[in-house]
Amino acid sequence: MMAEVTATALPDLNVEHAVALLRQMLLIRRFEEKSAELYTLGKIHGFLHLYIGEEAVAVGAMHALTADDEIVSTYREHGHAIARGVSPAAVMAEMYGKSNGCSRGRGGSMHLFDVEKRFFGGNAIVAGGLPLAVGLALANKLQGRARVTVCFFGDGAVDEGEFHESLNLAALWKLPVLFLCENNLYAMGTGLERHQSQTDIQAKAQAYAMQGEAVDGMDVLAIEASVNRIAEHIRDGNGPYLLEARTYRYRAHSMYDPELYRGKAEVEQWKQRCPIENFAARLRESGLLVEEAWKQLNTSVAAEVAEAVAAAEAGPWEPLEHLLKDVHTLATADGRGDSL
Amino acid sequence: MTATMTYREAVRSGLREALRSDARVFLMGEDVGRYGGAFACSRGLLDEFGPERIRDTPLSESAFVGAGIGAALGGMRPIVEVMTVNFSLLALDQIVNNAATLRHMSGGQMSVPVVVRMATGGGRQLAAQHSHSLEGWYAHVPGLTVLAPATNQDARDMLLAALTEPDPVIIFEHAMLYPQEGEVDEKSLPLDIRHAAVRRAGSDVTLITYGGSLGKTLAAAEELSGLGIEAEVLDLRALRPLDSQAILTSVTKTRRAVIIDEGWRTGSLAAEVSAQIMEGAFYELDAPVARVCSAEVPIPYPKHLEDAALPQVASIVETARQLCEKSA
Amino acid sequence: MMAEVTATALPDLNVEHAVALLRQMLLIRRFEEKSAELYTLGKIHGFLHLYIGEEAVAVGAMHALTADDEIVSTYREHGHAIARGVSPAAVMAEMYGKSNGCSRGRGGSMHLFDVEKRFFGGNAIVAGGLPLAVGLALANKLQGRARVTVCFFGDGAVDEGEFHESLNLAALWKLPVLFLCENNLYAMGTGLERHQSQTDIQAKAQAYAMQGEAVDGMDVLAIEASVNRIAEHIRDGNGPYLLEARTYRYRAHSMYDPELYRGKAEVEQWKQRCPIENFAARLRESGLLVEEAWKQLNTSVAAEVAEAVAAAEAGPWEPLEHLLKDVHTLATADGRGDSL
Amino acid sequence: MTATMTYREAVRSGLREALRSDARVFLMGEDVGRYGGAFACSRGLLDEFGPERIRDTPLSESAFVGAGIGAALGGMRPIVEVMTVNFSLLALDQIVNNAATLRHMSGGQMSVPVVVRMATGGGRQLAAQHSHSLEGWYAHVPGLTVLAPATNQDARDMLLAALTEPDPVIIFEHAMLYPQEGEVDEKSLPLDIRHAAVRRAGSDVTLITYGGSLGKTLAAAEELSGLGIEAEVLDLRALRPLDSQAILTSVTKTRRAVIIDEGWRTGSLAAEVSAQIMEGAFYELDAPVARVCSAEVPIPYPKHLEDAALPQVASIVETARQLCEKSA
């Protein structure tokens, strides 16, 4: 099942770009490690689904997109949000439930939103985002906008009827959407081979006469290259695409999960393929990363995480009188509506 | 400036006007295009507006309703036709968990201006899986606006009004109404969709209803008049938000109420109306509020059993009569 | 799109068997022609979906099954029911809404049931029967019964999420179910190529690592042979199968359909492939059917249809006091419950 | 003969007994096996009963609930676990259009002895898509029996009783109850699931509730007692059929009622209870029936807002107190 470790050459890799990729993966990792800590401290509540181990997918993919493209995500979306440029402080404040959170504290960990970044949210219903992505892409097509809608979802989401209906609709109408499956081999505690009869997920694209392919989800450059190429293909009007990123989650499904369903050895084996460590090692080997720079990276990332926590701590609570706010849009004179 | 047309033509008139006046509007759903719509509401529109704006969808209720929500996020003004409320259960997750929540969950960053239309109700001998009246469920969900046009004018105007709403609107068209003839002013101004309408004034009892039951209720009011009982008939029009003020005003005047609702009795929208009267007009009542709803049975196919299962003029008359007699 | 007319040889075809097949197709045809007439006369109400043109599928498939096998059907199921052995009188009475109907008149045309024939019903929710079939097959597997559950559905049902979820579940658990898709090229008024991006339906089986194949749905012998072979395969414990029967409906979708979506020429072309006429012609050519026998067949079928109508006409209406009957099973002493 | 255990252990005790005593019983749902159940109800059962009877399913709510219905038709006694009511919307078509109708539509030829269990309710800061209380919707559907065990004993016994029913039963377990400790008699006899239970006797007002709100309601009754108000607490237990007799008996005695229900107020199950009291005990009432329900908002994530959205001890006390004062 494990994708092979492909030591992609680093031909014309620009240092700044490489370091940016590395830094972002590191930021997400440290941000989430801190989140887990804050969860046990009772600062964050509800569900917390960590992305640790999967960072390369978000970082590689987001770097291949433009500011106009749209993202539809899942409940395991801190990494997606941060890689997309949502401020870590706004994400952390959201998880605190503060009103300086990116969803004004209404959503928490599973519902990060940032319309300016065209980040259309975390969604806590597995596969619930796929139809939305189809609709966003339809709007783009109808309005003649050359945008790509990227829809993230897990291997478990592939089981749902919404996967089937959405892929068919997108292919039938040749919509500009990239279905990006993060196959981490588990849907909660159920291994892929125990929830899908056909475990080669990308091959399912054929059932929709759609193009599909798999990519090593632990290799940020491979992902960036794939999404780059595919996004261009989609932008050229060739219709949707299914990309399966083969990855792995190092942590429990959520903070409640006792992980009875997999062995330590399996997790350890995948940790050998850590997207951050391996990429850093490759950069070092290529002379693109010196020890001093790595240290500086760590320091600046730590500082950014600390700032995020400080912003969350300092943020105000939404006043109780706002309980019913934003259930509806307040009507404005032009009938378009606006927020309270 | 009115014209005589059927309810289905009134819907079509609204659709056509919306499509002509706003390039962001499009219609999608199963068989809305080539087939002309399961209830023929969209017949002819494919020719006028083309397949990009009159989109036939696969049988994928969850995906195409969700796509309507997504397209609304993307700046369009989609009208999604779900053939009937029976099939809308397949799309309920998208409506409840996405359309109704996205604005709130995102802290007000986005609105979802989607309009979902569907046929509802029984009476056509379509049996247990095709005769549901589940609009009461939608009326339970914060974030949604739920409309039930009972007149031909409302069939047109409510659609146009719904399209000016920034948030999701669900419109229930009772399937028995489509052939109903009536006068429609096609130049009417966008109307207020949040108010109930007194369709008949009366002093002895208020008959509260909506949608497909309005006709039966008005007929019952006529019969009651023959019995010396003058009923006021209140058409709710909007099922969410309920026009509680109009309900209480009328009931305070007549001191008696009967609610007529094609939903199954237990857990019906009628129960909510009754509870609101309890809370807001208890001391004005001369008699307990009564309900005429559907029997607690999956709607059976044969006409005599279906008729017995649904509210009818006779049962409305009988309930109102007894209520007035007992509390005379 | 049209499957080729394959003039299958009639090697060891037994006369009786051939005539039985022919008679049943003819019975269904005449029965439905009569139903349409009775509909316009106001004897039958609600929806009426005719199977005319597709008779070979039901007749071929049912002849390949045993009495223990189970059928799950659709709202276009008169043919399925009659081919399965449900009495035409009980079907006609059901459409009249009489209490001698096969569902005591409660269901009408779309809800024919006959548990003794293991006919688990018409279902008016497109694709609503697929999960039921999976469950029936699961019960058979858990109880070690060598039964096959045959689930009929249309090309439109393939669009629904239930198709996807059900096929995955059945394949994952290797359940003894035959998914029999009656691809008549239209879902109501929407042509296959306008509702599915991949129009080769049987090929979708691969998305579930399931076996799939197509068969000429106008050739009763081809269907019987396919289902025979596949049912044996399934009974041997090889898991589920997707069989796509390529067929065509000659009549409107329902009695309400103005057929704006297809041309007369297309219908006429398919009528050239009439499953009844062509099979009769082949039998005649092979000397298995003489004109006298054909006439007798027609006479006996007409009589059977007339009897069905007479039974329906004579049948009693369910008394009004029974309105709430059979919403629940009445509890019996052993807690198992029984009907009122 | 009782033992102290949590609600989740009581559910497990019921599951284990059912699996041991009837070979036709099996459990299926997402993560019920290796993971041990999202709420750990089935932890350990995979080892004891093996993967054929403790079946992990794919994320396919519609198909595996439908498969439960089909397996019931095939002679099994399936227990289907839908992780939470939030995801059950994806399976609602199967429950409403198949489980609830098959017996009636077939003229009584078949029964569907399937038990569907799911967690419900808010209170865990899971936000708008994971905090629904939609049991009232299920209680609207003829053909279904709907249970809401509030005590640990009921958590066990109702499951066992449900398995003796020939027709579909839906069981709602409030997610906040799972860690609740309590005494459970594991040798109890199969019980009558159709009766409400008086959990506290009182004479001044009846507090009617069920499931996750029972604890808050009992706490409110204690506080009210300190204020000189003796509340009777009625636990509905079955949401369909409602034990109307028990409701009317208690209200006739106390002449006042408050209904506590975590559903959104408009269209809540509480509305139905209120309407039934209107119809059955109007002339016995000293004051209008009141409701304490959830605010009309998708449940927000932060604790202070979530608390404000859901019924709380304070709001129950306040509502009951005002009711008693006004009508003293």
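Worth a mention:
Note that the chains are named A, B, C and D in the order they appear, and that numbering of residues resets to 1 at the start of each chain.
As a working rule, a contact is a pair of C-beta atoms (placed from the backbone, for glycine too) under 8 Å apart; a residue touches a chain by one contact, two chains touch by 3 or more.
Predicted, not measured: the structure shown is a model, and the values here were computed from it.
The pair B-C is the one among C-D, B-C or A-B whose contacts match those of A-D for more than half of the residue pairs.
In terms of the distance between Cα centroids, chain A is separated most widely from C.
Distance from the chain B centre to the chain C centre is 36 Å, each centre being the mean of its Cα atoms. Centroid to centroid, with C-alpha atoms defining each point, chain B and chain D lie 30 Å apart. Averaging Cα coordinates per chain places chain C and chain D 40 Å apart.
The set of chain D residues touching two or more other chains comprises 57-58, 60, 62-63, 86-87, 90, 93, 97, 104-105, 127-129, 142-143, 296-298, 300. Looking at chain A, one finds that residues 105-107, 111, 123, 125, 128, 159-162, 165, 168, 172, 194-196, 327 touch two or more other chains. Within the complex, the chain D residues that touch chain B are 62, 86-87, 89-90, 92-93, 96-97, 100-101, 104-105, 127-129, 132, 136-137, 139-143, 240, 242, 263-264, 266-272, 274-275, 277-279, 282-283, 285, 287-291, 296-298, 300.
Chain D meets chain A in the complex at residues 30-31, 33-36, 38, 43, 56-63, 86-87, 90, 124-130, 295-298, 300-305, 308-309.
By the touch criterion given at the top, residues 45-47, 97-98, 105-108, 110-111, 123-128, 156-157, 159-161, 187-191, 194-196, 257-258, 260-261, 317-318, 320, 322-324, 327 of chain A touch chain D in their complex. Chain C meets chain A in the complex at residues 159-165, 167-168, 171-172, 194-198, 203-204, 206-210.
Looking at the complex, you find that chain A touches chain B at residues 70, 72, 99, 101-107, 111, 113-115, 120-121, 123, 125, 128, 130-140, 142-143, 161-162, 165-166, 168-169, 172-173, 325-329, 331, 335-340.
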